[in-house]
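A, B, C and D label the chains in the order they appear, each numbered from 1.
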Amino acid sequence: MEIKAFKILTKSPSDLSGLIELVDSGKINPAEVICIIGKTEGNGGRNDFTRDLAMLAFEDYFSSMLRISRADVTDKIIFSLSGGCEGVVSPHIVVYTKSGTSKNIPAVEKRLALGIGFTREFKPEEIGRMPQIEETARVIKEIVDQLQIDSPKDVHLIQMKGAIPSFTYEEGEQAQKANKPMRSDMVYSRGASALAAAVATGEIEIESLSDDLVCIDYDKYSSTASCSAKPGLKRTEIMVLGNSSYWDGDLKINSNILNDMLDIESIQKVLEGLGFKLSNGHLKEEDLSKLIGVYAKSEADPRGMVRGKRHTMLQDDDISDTRYSRCVLSSVLAAITGDTAVYVSTRSEHHGPQGGGTLSIIARV
Amino acid sequence: MEIKAFKILTKSPSDLSGLIELVDSGKINPAEVICIIGKTEGNGGRNDFTRDLAMLAFEDYFSSMLRISRADVTDKIIFSLSGGCEGVVSPHIVVYTKSGTSKNIPAVEKRLALGIGFTREFKPEEIGRMPQIEETARVIKEIVDQLQIDSPKDVHLIQMKGAIPSFTYEEGEQAQKANKPMRSDMVYSRGASALAAAVATGEIEIESLSDDLVCIDYDKYSSTASCSAKPGLKRTEIMVLGNSSYWDGDLKINSNILNDMLDIESIQKVLEGLGFKLSNGHLKEEDLSKLIGVYAKSEADPRGMVRGKRHTMLQDDDISDTRYSRCVLSSVLAAITGDTAVYVSTRSEHHGPQGGGTLSIIARV
Amino acid sequence: MEIKAFKILTKSPSDLSGLIELVDSGKINPAEVICIIGKTEGNGGRNDFTRDLAMLAFEDYFSSMLRISRADVTDKIIFSLSGGCEGVVSPHIVVYTKSGTSKNIPAVEKRLALGIGFTREFKPEEIGRMPQIEETARVIKEIVDQLQIDSPKDVHLIQMKGAIPSFTYEEGEQAQKANKPMRSDMVYSRGASALAAAVATGEIEIESLSDDLVCIDYDKYSSTASCSAKPGLKRTEIMVLGNSSYWDGDLKINSNILNDMLDIESIQKVLEGLGFKLSNGHLKEEDLSKLIGVYAKSEADPRGMVRGKRHTMLQDDDISDTRYSRCVLSSVLAAITGDTAVYVSTRSEHHGPQGGGTLSIIARV
Amino acid sequence: MEIKAFKILTKSPSDLSGLIELVDSGKINPAEVICIIGKTEGNGGRNDFTRDLAMLAFEDYFSSMLRISRADVTDKIIFSLSGGCEGVVSPHIVVYTKSGTSKNIPAVEKRLALGIGFTREFKPEEIGRMPQIEETARVIKEIVDQLQIDSPKDVHLIQMKGAIPSFTYEEGEQAQKANKPMRSDMVYSRGASALAAAVATGEIEIESLSDDLVCIDYDKYSSTASCSAKPGLKRTEIMVLGNSSYWDGDLKINSNILNDMLDIESIQKVLEGLGFKLSNGHLKEEDLSKLIGVYAKSEADPRGMVRGKRHTMLQDDDISDTRYSRCVLSSVLAAITGDTAVYVSTRSEHHGPQGGGTLSIIARV
C-alpha cells in the first residue's frame, strides 16, 4: 500500500485544470484518489461559498470519471477544503492517492499511511458533548488500527470535518429554556472533535472528560488534530495520517504542537524531524520540491496577549480574528518553508495549548 | 548630542499612562522629546480616526507640559502614528528624545543621529510630480547635513508623512479634463516621497526622473524610505535617522531592503549588522530588551505572485491588501525578533523592489 | 423650563466648529447644555474609537468653557454618541439645552421635557440580571417623576448608555465554571436596560421578570427604550424624554414601535402624531426644518426572515448584522423624512417586537 | 409570442430546488427559458464566487435537461446574476420564458417583450472607449428592432453584463506608458455600456460622445440601462425589455430614473404607471403577488453628499460603497414595495443623473 501526493495550484475554487492534466497524462489514476485537502479563497466563514463551488466541480468531475453518483463520490473520497487564503497564501489542493496492496512483513522505514472514515449521524444536541466525543474517538481508533500503525506516537495528523446538524430557531430556544443550550456550532464541534482525537491517541483519558469541560478546560488538548466543522453536515468526516512500517512509498509525516502563532522553533523541529537540513533557520530552496503538505491550526490567543504583549484581534469588529490568525501563522510558515501553498485552519479549541495550535508536515524523503 | 528611546505599550490610541509615568519619574524630559513613532489600532485607511484620537491626547499633554500651543507642539515634535495593528501587532509608541550638546571631535563608534524637518506647503497639483520630489529631496539633504553623517550609507531610515493637500470635486474634474489628473492621493504622495529619499541619498539621479515615471518605473527605489501620507496635510513631515560619529548614546540603526514579504534573510542581516547573534535564525529572548524600533514597509505584490505562486490579496473586496500585507510582514518580523511591537506601514511604492519594501531596526548596543 | 434643540452636521468625529459657532453667536449657552446626542462615523463596535475622539473634544471644550474638570463635564452633560453612519447617514449631533424656571400651573399644550440621571455602579455579575433591571427602573421612575409627566404614555424616549463593567479572563472562566456565566456584554446590558424601561413605564410588571427571561423572552419589550452599552462603563447613563404640561418651548416628541425594519406606516404615524401632513407618504420638503431628532433602534431579525423572506444578515462573516440593520432602517427613515441626519442604534433586544424596534421623533411644532 | 416570469426564492447560490419543482410540475418548460435574472449572496466584487457557483449549477441542470453542452446553455439562455444581498435583500431568481408564435396584427394593449443578444468579442483596449460603445449600441438596436417595439419610449430595461477582457500586468504597464491606459475594468465597462444604451434609444447622439467623455461627463446618461461587468468576459451579454403591441401575455414593464437613492416619488411613479393604486405611498399587500421584478442601479453619490448632507460611504475603508449603496436603495425599494426580493446592482456610471440611477419594474397586469 502506498500513498502518493500531488500538490496543485489552483486559479480559482473550481479550477480543476491542474488535476485534469495530471489525470490525462496518467500520473493520477482517479480511481485511486482517496482524499483531497486544499485551501480555497473564501472567508472561511458561514458565507464562504468557495468550498461549495469547489465541491460542485469535484463531484461533477469524479462522478463523470468514475461513473458513480455524486453522493458516491463523497463517500469514496474525503474532501477537506478550507476557506481563507489570507495574506500570501496561495490557493491549492493536494491530491492523495492510495495504491498497491498491503504487505505482511514490516519494513525498516515507516512510510505515510492514510485512512478515512465517518462517524454515525449526530443529533444537534449531541454536538459539543460526550456523545460526539465518544463516537468520534471510536472511529479514529478504528482507522488507526486498520492502518497498522505501531504506536500512537506515529499518528501525526487527524484531520476532521465535524458535524453541525441543523436545528430550527424554535428548537434552539427550547434547548436554551431547558438549560441545555444547543452547542451545534463551529466552536463546540471543533472542540469536541479535537478532544476525541486526544482520547483516541491516548493523550487524554475519556474518564477525565465531561460535557462541562468542553471548550472550557483548554489544558486538555490533542497534539495532532486539525478539525474544522461544517454547518449542515450530519456526520463527521475523518482522515488519519501517520507513519507505518507496513506502508510503502516515499512520503513521511511529522508533527508538533505550536506554543503560539510565532513558534518558529516548533516549525523547525518538525522540518528537521523529516530529515531537512535548514539554512539560517529556514528550508533551503532546493528542498522546496520535497515539501508536500503543511497543515496547521491557528488561534488568536483568547487571553488577548501574544508573547506578553496585547493583541487586538479579538476586539476588531471589521475583520474576524479567524482571518487574522490564519494570516499570521500562514505568513510565518511561508517564511520558514518558502512555500505559500500552506494550509492553516482556525480556530484551535483543544488543539495544542491555548493560543497555540498543531502542525503536521508531509514531505518526500 | 544623544538620542534616547523609550518603547511604551499602549492600552488604547489615547492611552498616555506609560508616557506620563516615565515623565513623572524623571526618565523622560518632555522638553527633550523630538519625535514619537507608533502604531495605533485603526484600519490605517481614510476612516482611521485612531491617529486623530492619539494626536488629540498627545497635543493636549505636551501643550500642557511645555506650556505651548497645540500648533507649536506639532512644530516641535514629529508624530508618526500609523494605523493598523493587524494580527499579532501590539499597539505601542517609541518616544525619542534628544539631549546633550554637539561635539567637535568624532568618536570611533557611530551612534544614532536623528533630525527632523518640513517641506514648504504643496499645491495639490504638485503632488506625485517633480515639484514634490525636488522639494522633499532638498529638505532631506539639509537634515542629513545637519546630522553630520559621513556617508549616505550611514542613513538608515527616512521616515515621512507626506502631504496630500485637499482639492474640491470640481478641481479634480477640471484637472482630469486638462489631461493632468490630480495625483494628490496616498499612492502618489508616498511614491514621490520615496523617490525623493532615493535622490537625497544618491541612489537615483534627479535627472533620471520625470512625472511620467512616478508610480510607473518601480525599478527606481529608495532603500531607506518609510513614507506614509495623510489626506489634508499640506507639507511633508520628515525624520532622518542614521549613524554618526558626532553623536553619543547607546543606540544604533541598521537597514536593508526586503526582496519580498517573506525575506527573513534580510531581517537576519539587519539584526546581525547591529551585533546580535541569532539562535536558530531568530533573536535570542535575552536580547529582546535591546530591540528598540522595527520599522518596515510592506506591499501585496502588484504582480499577483509571491515566490512564484498566486496570492489573492489584490482581488479581495472584503479586506484591503493594505491590511493583509501589514499582517504578513508584521507576523514574519515578530516571529524572527520575538517582538510584536513592530511598526509596519504599507504600501511601498518605490520603497525597495516591487513586492518588497524597506526595513530599519534601531537597537541598544 | 424649556428644552431647546440644535441639530449640527459634523465634518469629523471631533469637529466642534458648528457647536462653537452657535455658542460664539450666543444661540447656545454652554452652561445650559444638558445633553448631546449624535452619530459618529465609526463601526459602532468594540474598536470604534470615533466616540472616544468626539468625547475627548467635547470634554476639552466644555471643561474650558465652563471652567470645570473633565469628570464634571460628564456628570453635568450626558453624551449619547453612537457609532455607525452606514449608507446615507450624515454624521451629526443634536445639542439639547434646558433653561427657564419650573412653573406651577400646567399649560394646555404639553411640551418636550428632558431629564437625566445615573444608576449606581454595577458589578459585572449584576449585568443582564435582575439587579441591573431593578436599579435602572428605579432611576428612570425618579426622572419621570421629576419631569412632572402626567402619564407613562407621555414618555416617548428612554435613551440609555448601559454599564458593562470589565472583568478579567479568569473571572470570566470562574463565573462560567460556577454555572453563572458573565453577562457583562453589550447584548445583555442593552436587553436588561430595555426591560427596565418597560418596567418603569408600566409596560411590564417587575414580578413577571427573572434572570432566565433576559434575552430569551422577547415578547416582553419596551416601546420607548433606546439603549446602547459601553464596555468599561460602570454605571448606566439615562435620559428620559416625554411631553409635559409643566414644560414650555416649541418642541414635542412622539413614538411608536416598529414592527420590522421596513415599517413605514409606523414612521408615518409618528410624524402625523406630531402634526405633520405627509405628501405621498413622506415628509414635505418645506417641513424638513421642523424635524429635530429621529431616534430608532434596529435589528436584523434573529429568525432570519423579513416579511416572510430569507435575509442573509446573520450569516455574513464579512459585514456585521449591526451595520446592515442600521443601514436598512436609516435608509427607510431618510427616505420618508428626507433627512439623512437620523440616529439609528442597533441591536434591539427587548426594544419593540422581535425583528422590530422603537422609534421616537422630536419636532418643532 | 409571450413572456412568462417566475420569481423563485433561493436557499443558497446553487439552490435550484424551486426551479426544479416548477419544471417538474410542468409550469416551466426548460426549453422556453430565455433568461434568468437573480441576486446571489456574495459581496458583488472581484472575489464573489457565488455567481460562479450558481452558474455551475444552472449550466449543469440545463445542459442535462436540454441535452446540450454547457457552452450552448450560455448561448441559449442569458444569466444575469448579481452578487450582493445586503441588508434585507432576499436571494432570488426570476426565470423568464418565451413561448408562442409571433403575430402580425398589433394588439391594443402592449405587453412585455424580451430579446437577447451578444456583441462581438472586445479587445481590452476597446473597453471604455468608442469601439465598445458603438458595437454595443449596434446590437441593442438590432434587438429592439426584432422585438417590434414602436418607440424608444417603450424600451424600459437594457440589462447588460459587460465585457472586461483580461490583460497581463505587462500589457497594462505598456498601455499606461503609451498614455492610453487600459480601461478594461468594471467602472469603464459599465459606463460605456450605459452610454451605448443611451445611444441606442436615442437619448444621446453618438456624435456627441468621445473617449474623453466616458466616465467623465455624467450629464450624459441612459434612463433604462442596468449594466454590470464581469472580469474575463470577452463579449457583452445584452437583454432588452420593453412593451410591444405585438407581444402577448399578462406582463408589463415600466421605468424611470432615480434622482438619488432616496427618491421614493420616482418609485411610486413607476408603480402607478403599471396600474397599481398605492396606500400611504406604498404598494398594498394584496398587490404584492403581482410584482415580478424590481431592477435598479444604485450609487454612493461621488460628490459626497445626499440631499445636501455629507455621507461617508466613499471614505470607508472597511465596507465598500458598492455594498452600502445597494443596501440603501434595496431598503427603500423593499419598504415601498413590501418585497425584499429586489434586484439592485451598483454602481451607476452614466445610469441616470449622478448620485442617482435607473429603476425598472415588471408586473402582472
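Miscellaneous remarks
By definition in this document, a contact is a pair of C-beta atoms (placed from the backbone, for glycine too) under 8 Å apart; a residue touches a chain by one contact, two chains touch by 3 or more.
Predicted, not measured: the structure shown is a model, and the values here were computed from it.
Summarising the inter-chain layout, the chain whose CA centre lies farthest from the centre of chain D is B. Taking each chain's centre as the average of its CA atoms, chain A and chain B sit 40 Å apart. Work out the mean CA point of chain B and of chain D, and you get 46 Å between them. The set of chain B residues that touch two or more partner chains comprises 41, 43, 47, 312, 315-316, 318.
Chain-to-chain contact here is organised exhaustively, every possible pair of chains being in touch. On the chain C side of its complex with chain D, the touching residues are 9, 11, 41, 43, 85-92, 261-262, 264-265, 268, 278, 280-282, 306-307, 309-313, 315-316, 318-319, 323-325, 327-329, 331-332, 334-336, 338-341. The touching residues of chain A, counted against chain C in their complex, run 43-48, 169, 173, 176-177, 212, 216, 302-304, 312, 315-318, 320.
Remark: chain A residues 12-14, 41-42, 47, 49-50, 52-53, 56-57, 60, 318 touch chain D in the complex.
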